[in-house]
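Accompanying notes for the structure given below.
By written order: A, B, C and D. Residues from 1 in each chain.
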C-alpha cells in the first residue's frame, strides 16, 4: 500500500469503511495557516451530496483535529484528522463477501491481500475514504486562496447531457457551492438531475465527466520530465477510485486537431503574457504558463447497482449470481467534484511549496 | 527538475537536444537480465520513424552502455547509457530564441529557468530526450518478456481515421514491429499515412491517439490509494511532453455508460477468473485483476509547424510574428508509440519489483 | 516537516505533547500479521520506565488502533494508532515559553515555525512522541520474529560505568525485558542505577550509550550506495531526538585499528559462511553478510534539568536566566532502549519488504 | 540498488571500477550557478591523494560534463558528468574473484547479486566511485559559497595521534587545501604522515577520524522527525563505504556528560543568538540553530592489505587463504576528507533548496 503522497507537503490516508475511524495526516504545511472549521464542514457536506440523489448512509462526518493546529492556526507540524465511523451496517455485506462485485476491488484486493482485507463495505477501497481527503483538501484550498489561487470543478457531462465549459479567468466558482449538483448551465443541471433520478428508479447507475479549472497559479511551476504538472496532477487524480480518464486542455480532442489550430498563440495583454486560446490547459512542457490550469476527469458509474449480475465466488472458484443490497448512489460524479478539487489543491500546495520553499504559505510574522 | 522516477527500479534522464550527449541511468534492475543490443537498436529505429513521414535530422542514435552490464547481462548496479549528439544545427535556433514558439515549452521554461536554459533545439524539452527512455524501456521490455509479459501500442486514431481496437489476449504485437506506422487495420493504416503526407504538404501537423495493451501481468499488483496502477502509469505517461490525455479501459466513454453495462462480469474459464468485458482496462480499485491492462494516450500535434504564428518576445515583452524553420515532423503519434510502450515497461518493472522483490527478474542462479 | 519514513513499509508520526492525541500510521505491512496487544502494551511500559528513575508524568498510554487490523491480524492497509493525551500540565510551561531551554529545540523550532509552534511541553519535539513509534515498532518486532529475526538493545554505558557487549548469536534478549534498566551485567546494572539516583538528587541529568544487536537477518540485504544498511539505520536512529552518535561494529575504534586486525576473516562453519570477528557489525559494503547487525547509539543527557541556566528570550532578544520546573528524568538512556529497538525493527521490515517483496511477512494463506 | 539520493536536489551515481566509465547526474540545482572546472579538478586531485601515501593507480580523472551546463552556468536541468576509466589492470583481480576479501563487499555483494556483479576491482563498490561524488560536491560547494556557507574537513585522528578541533566560526578552511594530509596542527600532521608511511612498510593499513564543520547555515533548517539534519547528513555520510561511525557535536562523549555541562547556554552577541558552547553541533531537535554544524566520521582502515588472510571461496564453499596483490592505500582517511565535504555539500544544498525554494541558489536575473 502507498497511502502517502507528496514531497514538501504530504498526505497520508487511512481507514476502512466499517472500521473504527478513517482519517488523514497532512504534513509539511507551512505554519500560520488559518484553519476554517466551517469551511471544512461545508466541503464534507458537498461530498455527501445534498439531496435524494445520494446514498442514504447517515454519516455525521464530524471530524476531529488531533494535532498540528494551535490557537486556530497550523503549527507547521503534522495535522492528523479523524472521522469516527458510525451507522456501519456490516451485516449487509458479510453474506456475499466471497462474491466479487463486478467493477469493484473485491477480487483484485483478494489477490493482493490474500483474504485478510476488511471486506465490510469495501473496506479501505470504499468511496467513504475520500472524506478525509476532502478535509485535507479544504485546508489546502484555504491556504491557496490566501495566495489568490482558486479551484473550481463542475459536472461537465453526464450520460449525453453536456454543460458549458469554464471560461478563462472570469469564472465565479463560489456560485457552484450553492448547487446540489454543480452544473454551470441551469437547463443542463435540470436535465442531469432528472437523468440521475431516472437511473435511480431503474436500480442502475451512471457516469460523467468533471471539468476543473485552477486560476492564479504563477508561471514557471512544474518539475519535468517526471514531475510535470500533468504527471503530478494525474497521479493524485487517478488515486480517486472512480476516475478512469484524465485529460488536460483539449486532451483527446487534440487527436483531430492540426498544430495550427492546437497551438496557443501568445499575446501581450496589459503587460502580461497570455495565450489567446488555452488548448494546452495552462501547461507547456510540463510547466505552468500562467493561464488557468484546465483538465477533465472521467468518472465511471458506481459499480454498486441493484440489478442482478454474473460473477464468481473467488474462494470456491465457481460462477455465481450476485444481487447487491444496501445503500447505493445512482451517480457519484456530482459528489466527486469536491474530491477532485480537494486532491488538486493538495497537489498544488505541494508543487508550490517545493518551488517557493516551505514558508510560502506561512501566515505573516516572517 | 525531477528527472528520476521509480522506487525499486528507477530511471534518471538527462541531456539537451544540442548538448554533448543525452542519456539515462536505470537503477535497481535485478542482476542477470540479458541485454539485447540489437533489440535496443531496433526500438530506437522505431522511435526515429522509418520513412518520409518523419523529421530529417540525421541522428545515428548509437548508444553506449557505460556501466551496470557485465558479460552481456545486468549486474544489478546502475546501468548508464549515453547517446552522443551529432548533426546539431544550432544556428537555426539562435535567431528566434526569445520568441516563444506556441505550444512549446519556451515561455514556461523561461519563467522557470530565468533565461539560463539551453534554448537550442528545445534543450531538455526536446522530443529527442525520449531516445534514452526508449533504450531503458527496451531493456525493461526484454526483462518483462522473460516473465511472459508483453506490451503493444498502436495508433488508434489520427485525425478522423480510426483503427480497430486490440483484442484481449490474442493479439500478436510483433506484427506491429514491421510497420512504418503501427496501425492494426491495413486500410486504416493506408489512410493515416496519406493523411500525414497531406498535412506535411500543408506545412502543418496532426495529433492522434495511441492504444496500449499489456498482457500477462499477474493479478494483485498495485499500491492504492496513491500508487494505484492508473496513478503510476499516468504519472510516467504524462512525462512524455506530447501526451495530454490518458484513459484506462472505457475511459471517457464511461461518462455515457450505465453501471449495468460498465461493470465487467467475472466468470470462471479453465479454472481461472476472467472478466467477460474489460471496460476497467484490467484494473479494479487500482489493482490489477489479471485481465490485459488497456489504456489510451492522446498525443497532441507537433507544435513545430511551418505556418506563420502570432507570439511574444518574452525578453522585450512585445508581440511578435514567428516563422519556424528547420526540421519538423507532420506527426509524431506513430513515433510516440514506442515511447509509450517503453515508459509502460519501465513503470511495470518497478511495480512488479516492489511487489515481488528485487530478485523477481533475476536471470537464473538464485 | 518530514514525518513519514520508509519505502515499502512507511511510518507517519504525528502529535504534540499537550495536544489532543499523538499517533502513528504504519503503511505497507503485509496482510496476515498477528497483532499482539499485550506485547505492544509491555513495550510501552518499557518506554515509560518502570521505577523511580523516570518522570512522574502519569501517562496511561492506552493506545487505540483505528484501522488496518481486522480479526486480530493486519489487513495490508494502513494501520493508524492513536494515544490520547491526558494529565497535560500546560500551565507549567506557558510562563517561560519565550526562553530557549538550552539543549532543547525551542529556539531552533522558533526559527523554523516563526512562533506558530505549539510550545507546550516541547510540542512535537517532546520525547513523548516516541510512544507511537514504540507501538509501530512492537508490531514490526513481532513480524520480524515470525521470520526468526530478533532485536535486543541494552545500556552499554552510562557515565563511566560500562556493561559487557552482546555476544554474537547466543544472546537471549528476553532476559533484558525483565529489567528496569536493561544492562547485561548485574554489577554494572546496580552501579548504573545508583549513578542515576545520584544524578537525580543533584537535579542534573546524565547520558549514556546503547548497544543493539539484530540476529537472523539474511545476507544480501541493503541497497548501496545511498541506501546502505548503515545509511537507512542511521537515518531513522538520528530521528530520535536524544541520539547524537551512531556507530556500526567497531565504529570509532576503527580509527586506531590496523586493517589486519579490523578485517573480519571469513570461515565455513557447518556449511555456512561466517566471520571470525564482527568488527564490521554484520555489514560489508552496505549489505548484510549474515552476521548479527551490531551498532551503538550515543544518547545525550536530558536537557531538562533543575539547575539554573543562562539563556535568551528569543522574542525580546535579550539574555535571561531559566529555572525549569515540572517533571524531568535524570536519565533517558534506559527508556530510549526500547525506542531504538523499535525504529530498528521498522527500518528492517522496510528493507526486507523491498528486498523480498510486499508479501514477505504475510501470515499464511498465500 | 538505490543510487539516487535527495529530494529537491538529487544525485544519481553509477559506474564500476573497471567498466567503461563512472559518473553522476545532479538534478534540481538552480539555474545560473557558475561552474568552476578548475575547482572541480582540484577537488579530484585531493581525492587522489597528493603524494606517496596513496595508491599508485594512474587515474587521470578527467571529467566531462555532458548536459545541464550552458555558457559556463547551470541551466537548471540535470547535469551529467562522466569520467572514463583508464589503466584498469583487470587481470590482477580475476584469479581470486571467488575468494571473499575480508572487510570488502565481495561476499555480501555475491549474496545480493548472485554472481552477476562485476567483480573486477571491487566493481560498483570500489572507492573509485567516490570520484563522481567529488565532482558533484564541488559544484555544490561553490553554490553554497555564494550564500556564505563554507565546509571544511580535517583528519581529527589517526591511530593514536590527535589533531586539535576546529574552532567555531574563525577557521580558515582554505589553509587545509594546501596540505597533502589535511591536519590543522603541524606537529600532529608530521606524526600522522610518519605513521601512515610506517603502516605502508608493514603492508598493513590504518583507520582514522574526520571532523567536519559547516559555517554559515541559517537557523531553522531541518525537517524532523525523520529528516532531521542529523538523519539526512548521516544517511549520505554512511553511503561512503569506509565510514562506520558518525557523531554530531560531543557525540559519544555525551554518554559521560551531565546535562548541566552538555546543554549549550544561549547568549545574545551583537544582536544575534549564539550558544556559548556547541556540544550539540549546531543542531537542536534536528533543526539548525545557527551555530556551526560540527560532526565526526569514523573511517575504517582500507580492507585491502598485503598480509595473508583467512577467508572462504564462496563458490566452492570452502576455507581458503588470500594474498591480495595490486595497488593499495595504507590509509584513506586523508583522501576521504574531500569526499565527506562533498557529500555534506550535496546534502545541504538539498536541504536549503527544500527550505527556501528551488531558486534559492539561482545566480542573478530573477
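Observations on the structure shown:
To be clear about the criterion, a contact is a pair of C-beta atoms (placed from the backbone, for glycine too) under 8 Å apart; a residue touches a chain by one contact, two chains touch by 3 or more.
All of these numbers come straight from a predicted model, not from anything done at the bench.
Note: the chain lying farthest from subunit B is C, by mean C-alpha position. Contact count check for A-B and B-D (C-beta pairs in contact): higher for A-B.
Once the centre of each chain is set as its mean CA position, subunit A and subunit D turn out to be 45 Å apart.
Distance between chain centres (mean CA atoms), subunit A to subunit B: 27 Å. Averaging C-alpha coordinates per chain places the centre of subunit B 38 Å away from that of subunit D. Looking at subunit A, residues 1-4, 13, 28, 112, 124, 223, 359 sit in touch with two or more other chains. If you check the complex, the residues on subunit A that touch subunit B are 1-5, 13, 100, 102-109, 111-112, 124-125, 129, 157-160, 199, 202, 204-209, 218-228, 230-232, 234-239, 241, 243-260, 262-268, 271, 273, 275-276, 279-281, 283-290, 296, 298-305, 307, 309-312, 314, 317-319, 333.
Subunit B contributes residues 1-4, 10, 12-16, 19-23, 25, 27-28, 31-32, 64-68, 70, 73-80, 82, 112-118, 123-124, 359, 362-363, 365-366 to its touches with subunit D in the complex.
Per the touch definition, subunit D reaches subunit A in the complex via residues 7-8, 28, 223, 354-360.
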